[in-house]
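In this document, chain identifiers A, B and C correspond to the written order of the chains, with residue numbering beginning at 1 in each.
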Amino acid sequence: MKQVAYYKGCLASLSAKELDTSTQALAPKVGLELIDLESVTCCGAGDIHEAEPDYYLHLNARILAYAEATGSDTLMTICNVCTLNLRQADFMLKGDDALRERVNANLAAVGVPPYSGAVEVKHFLWLVADGEGFELLKASAHKGLKGIKIAPFYGCQILRPSKLLGFEDPDKPWSLERIIEACGGEVVDYPAKIKCCGFPIIQAREDTALGELIQPIEQAIEGGADAIVTPCPLCHLSLDAWQSKLNAQRKREGLERLKPMPIFHLAQLIGVAAGLEDSELKFKRHIVSMKPVLAKLEV
Amino acid sequence: MQVGLKIWRYSAATGDRALREYEIDAPEEATLLDCLDIVKDRHDGTLAYRKSCRMMICGSCGMRMDGAAVLACKTRMYDIAHAGHVPVVSAMGNLPIVKDLVVDMDPFWEKFKSMKPWLQPGYDEPAEGKEYVVSQERMNVIHKEALCINCGCCVSECNAMESSPEFRGPQALAKGMRFVGDPRDGATVERLADYSDEHGIWECTRCYFCNERCPKGVDPRDAIAKLGAEAVKEGIDRDMGAKHAKWFVRSAETTGWLRETELVPKTQGVISSIKEMKFAMRLAVKGKVPLPFPPHVAERVDEARGLHKLVREQGKSGYDGIVQGEHSLARLDHGLEGEGPPAVELGLETKLADGSDR
Amino acid sequence: MDAKHDVLVVGAGCAGMRAAIAAHDAGADVAMISKLHPTRSHSGAAEGGINAALGNTGEDNPEIHAFDTVKGSDYLGDQDSIEIFTREAPGDIYQLEHWGAIFTRNEEGKLAQRPFGAAGSPRTVFAADITGHVLIQVLYEQVVKRDIKVYEEYFAWRLVENDGRCQGVISWDLMDGGLKVVGGKTVILATGGAGRLYRATTNAYACTGDGMALALRLGLPLKDMEFMQFHPTTMYPSGILITEGCRGEGGVLRNATGERFMVRYAPTAKDLASRDVVSRSEQTEIDEGRGVNGSVLLDLTHLGAEKILDRLPGSRELAMVYAGVDPIFEPIPVRPGAHYHMGGVETDSDGLTELTGLYAAGEVACVSVHGANRLGGNSLMETITFGRRAGTAAAEWALANTTVEVPDAVERDAERELKELLGRTSGERPWKIRDELGSSMLDNFGVFREEGKMARQIEIIAGLRERYPGVYVEDKGTVFNSDLTQAIELGYMLDLAATMLQAGIARKESRGAHSRPHDFPTRDDENFLKHSISRWVNGGPELSYKEVRMTRWEPEERKY
């Protein structure tokens, strides 16, 4: 079993609890032992990075420091935004001695263990798309997806900027597709899978965000997908919870309602293929009903 | 070497559109631009595209290759040709196409001009008609924004602009930061107020396509973040985007975790939130609206509060907070970093599942 | 006429924009015509820096700068103009900085100045190694601030002469198609150089000598056309420039044995000798078999990553993309390439040509401040100082005169020629002639010249000029017809090549960039301390000579 420090982030702690429970239930099946972090906060998302960037750096340094303190060499994230934020902070600190010294001095002043760059931040997706994790995933997906059509949605911050993430080619990613197929599903490919769901501006600029959000949903529907899968709970929230807003907008414009598109968290998709319980997967928490696709899986 | 190209031909005058394929013989060191020259000279003189310097500085030759904006003169064809791949070349996105690979840059320049992109001197006068005395370190704040060659690659791929064509966009906003960060410019506050409007800073969707596509390392998304940081620092924070961002800060230093439920009224105001009641109820019945009370407080949140206090005292506020990390992150650009992300696998799958080109 | 203005500037690079700004600030209604959007102009590719005797780095003053320029010109420069140039340069630099130009700073926070070729004192103000880019940006910002009209992507085709004055320009509108006539009480040519005459050049595609050819065809004299500067450090085969600033920061040139050969050729200045000296030294090393695949090596490896990333990041990227080497670890293969044309349209120190109402500034002009060879960093300064002077002078004259008229005959003439060119449906595609021109010029009129090769080149050019009328344009459309404009550019280049060769073969000496080591290896002040003057008469070049204006400095032996 590979020990990893587990950083679940804000959404998985609260409104996207289903992601946390699925991940925790799935982890041992793919060879991951999740170590809880002693104490952490929100990573700040793009918001603290944009409002108080020095604070963003410190919050993330603190998370990295507590991850290091577990003794693990890997900090596992389950959200695109957390991944980018933590990796960026990590690179900022690694390459600048003076900056690292100042931040460590501040951490020490408030009682946080020091940051020394000993952990690498990896999204759960990366741990199971390749290597040992992938082998275990294949082995565990015994129930399979029975050929249902899944449209992968990467979102932005698991791919770009690629110099900070670098797991796969940002224009031709393959990890979600590989997992879908390994679990027995059929991939629905479409251009908007690497575009933005609009979540960062879904409140401040709703119309603009909806203009982005419509693209993956429409294209997935056109491709005949039974569901979309995404590795980011923020993308999940907009894809799932904001479908109703898309339909409200379409109603105003005199257009037809969209066919409802169920949205899987990555851990749920693998989980259902691995036979996890409904109490662990918690599909009932979704806004768009998962029933149609679950029916196809005879779950 | 043999190079195959598929080029989207288009005429705005007639509306004709067609994907034409060309097979040419090109030298091994050829760039995409060199290949276009060979096509135009020897195969089809009607092909239209812009070019000038052929050394990545004039910004003329922005175009899309396999759906992603590049500078044609920077794109070496050797690996592509030897892999047997035939790329699809098309005009940049988000701008009207005039002919083939030539776009109408007027909307681009209009947005650029709307930023008032000239130095507006303040009250400090340089001594005896000589230069302003400014340290190199202070000028380094706008080091990256100064690299911009106005090529349009960022604008081509901007997701927010695609959805909202009036969004000022990464190039214009990066140019805005060039002035906001210039110590000789005296109009910082006016600029930030101007750039915080409906189609300014807070409409950026943070998709990072601009950073990814920019051939010069400007990182426009970071420039926009710098503007946001400075705007918040100067108290120019009426925009919902700014309020949204500030609530994250408040959350982190009070409960550690994002106070999700209060995020809506804090961003949109109480009245607007009331209008969202129906939407909110739908989420609430699924348990997606955590009760703000009792607050979900992180362990040892006093550390987060303490850090905030120290950070405030140390004054790396505004764009300085982002600039301070650039020295370190630049090492990733330079390719000198021993550690850093693993090498990117450049796969060549460009067909969609139905067999059509991307 | 489609429009008219007080001052019409053709070309929107550094010289053009600076002239337009000056004319605007003098109260004139000014417009620019440019075949490219202004920020695409080739001035933006300049890298190393811009010279002015600011004295921020050691002792310096305009006299020393003037002497360096005179000596650098191999005593062919007009000294009165040079004195004006070096005296006004510092003020012009400060003006640019006040407008917001982002220059590199020294430890005191003042404008840093780096050493450059043949400079007695470090006086090259710079912005890392993208100085031209920074200047283009600041000038364009000032153009936008003043809301100066730019006829963008208008390809200038004819200068209008009427009533003993230049009164406008006829252009091909690249975006919409069709000829457009724009009248101007005065016209300023700022169209840059003609490096594209050579296959190996640092110049952009756009540098085809348009303004020089237009002036030539109008009957105006071009001066010193045989003097084309070959920049010592260009990459193969692209010709892309690696700045002199690399040597300014401490880089050195080595041959195949690793020897720093410039120590032999220029014991004092070594790698920072005058450009013509360095190019000749390199060519000699290559010709005598001490090159590496036809190049020499520019070695920056001893500078260290920090310095290169700080001062020369652009050069590093260029080397990585176009030569496949990282200069932090490996030397860059370089060789001489056509770079800057010292010759051009003859003007006085205010940019005024022989024709009333017609001015010229920048590389297109020959004042002459550069004589037989230009110092690195002086060209950017020239565009600013003489751009300003020409803009001011043109505005003053325009504001004192009221009429503008373009005769119908001129318009009809241009239309007829256009119809003829577009009407051809078969013949030769221009690229063949263009390639043959470029290769033969490099072979026969490059760094080293001699009688036999020049005579052959004259024949070759005559042959190409005979074929040119048979060239056909494949694109008959009106929208973005660059096939048409590229064919016209070729015509310009062929005429200019003829003038260059005539002047070159007649100059029986070696001076500056005109080097004849086999037949006339020394400088001959007695017979050739004079400018070549080329005019177009009866469809061909005609050569005469003109005195060099000397004020303070008598010609001396030129050693570095």
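The rule we apply is simple: a residue touches a chain if its C-beta (ideal position, glycine included) is under 8 Å from a C-beta of that chain, and two chains touch if they have at least 3 such contacts.
As the structure is a computational prediction, the values presented were derived from the model and not from experiment.
Asker: Central chain, going by Cα centroids?
Answerer: B
Asker: Which pair wins on C-beta contacts, B-C or A-B?
Answerer: A-B
Asker: Could you give the separation in Å between the centres of chain A and chain C, each centre being the mean of its C-alpha atoms?
Answerer: That pair's centroid distance is 55 Å.
Asker: If you average the CA atoms of chain B and of chain C, how far apart do the two points sit, in angstrom?
Answerer: 35
Asker: Distance from the CA centroid of chain A to that of chain B, rounded to the nearest Å?
Answerer: Those two chain centres are 22 Å apart.
Asker: Would you pick out the residues of chain C that each touch at least 2 other chains?
Answerer: none
Asker: Which chain B residues sit where two or more other chains touch them?
Answerer: none
Asker: Across the complex, what residues on chain B touch chain A?
Answerer: It comes out as residues 66-68, 159-160, 162-164, 167, 202-209, 211-212, 219, 221, 224-225, 228-229, 232, 239-242, 244-249, 251-252, 256-258, 260, 263-264, 267-268, 279, 282-283, 286-290, 296, 298-304, 306-308, 310-311, 314, 316-317, 319-322, 324-325, 327-329, 331-333, 337, 339-350, 352-353, 358.
Asker: Okay, in this complex, where on chain A does chain B touch?
Answerer: Spelled out, the residues of chain A in touch with chain B are 10-11, 13-17, 38-42, 44-59, 62, 88, 91-96, 99, 102, 106-107, 109-112, 156-157, 160-172, 174, 187-191, 195-196, 198, 200-201, 203-205, 207-212, 223, 237, 241, 244-245, 284-287.
Asker: Given the complex with chain C, which residues does chain B contribute to the contact?
Answerer: 11-13, 27, 29, 40-42, 44-46, 48-60, 74, 76, 98-100, 102, 105, 109, 112-113, 117-119, 121, 126, 129-136, 139, 142, 146-147, 149-150, 179, 182, 184-185, 330, 334-336
Asker: Write out the stretch or stretches of chain C touching chain B in their complex.
Answerer: Its residues touching chain B are 36-37, 39-42, 44-45, 91, 93-94, 97-100, 102-106, 108-112, 127, 130, 132-134, 137-138, 141-142, 144-145, 175, 204-206, 237-238, 240-241, 305, 309, 314, 317-318, 321-322, 326, 328, 429-431, 473-475, 477-483.
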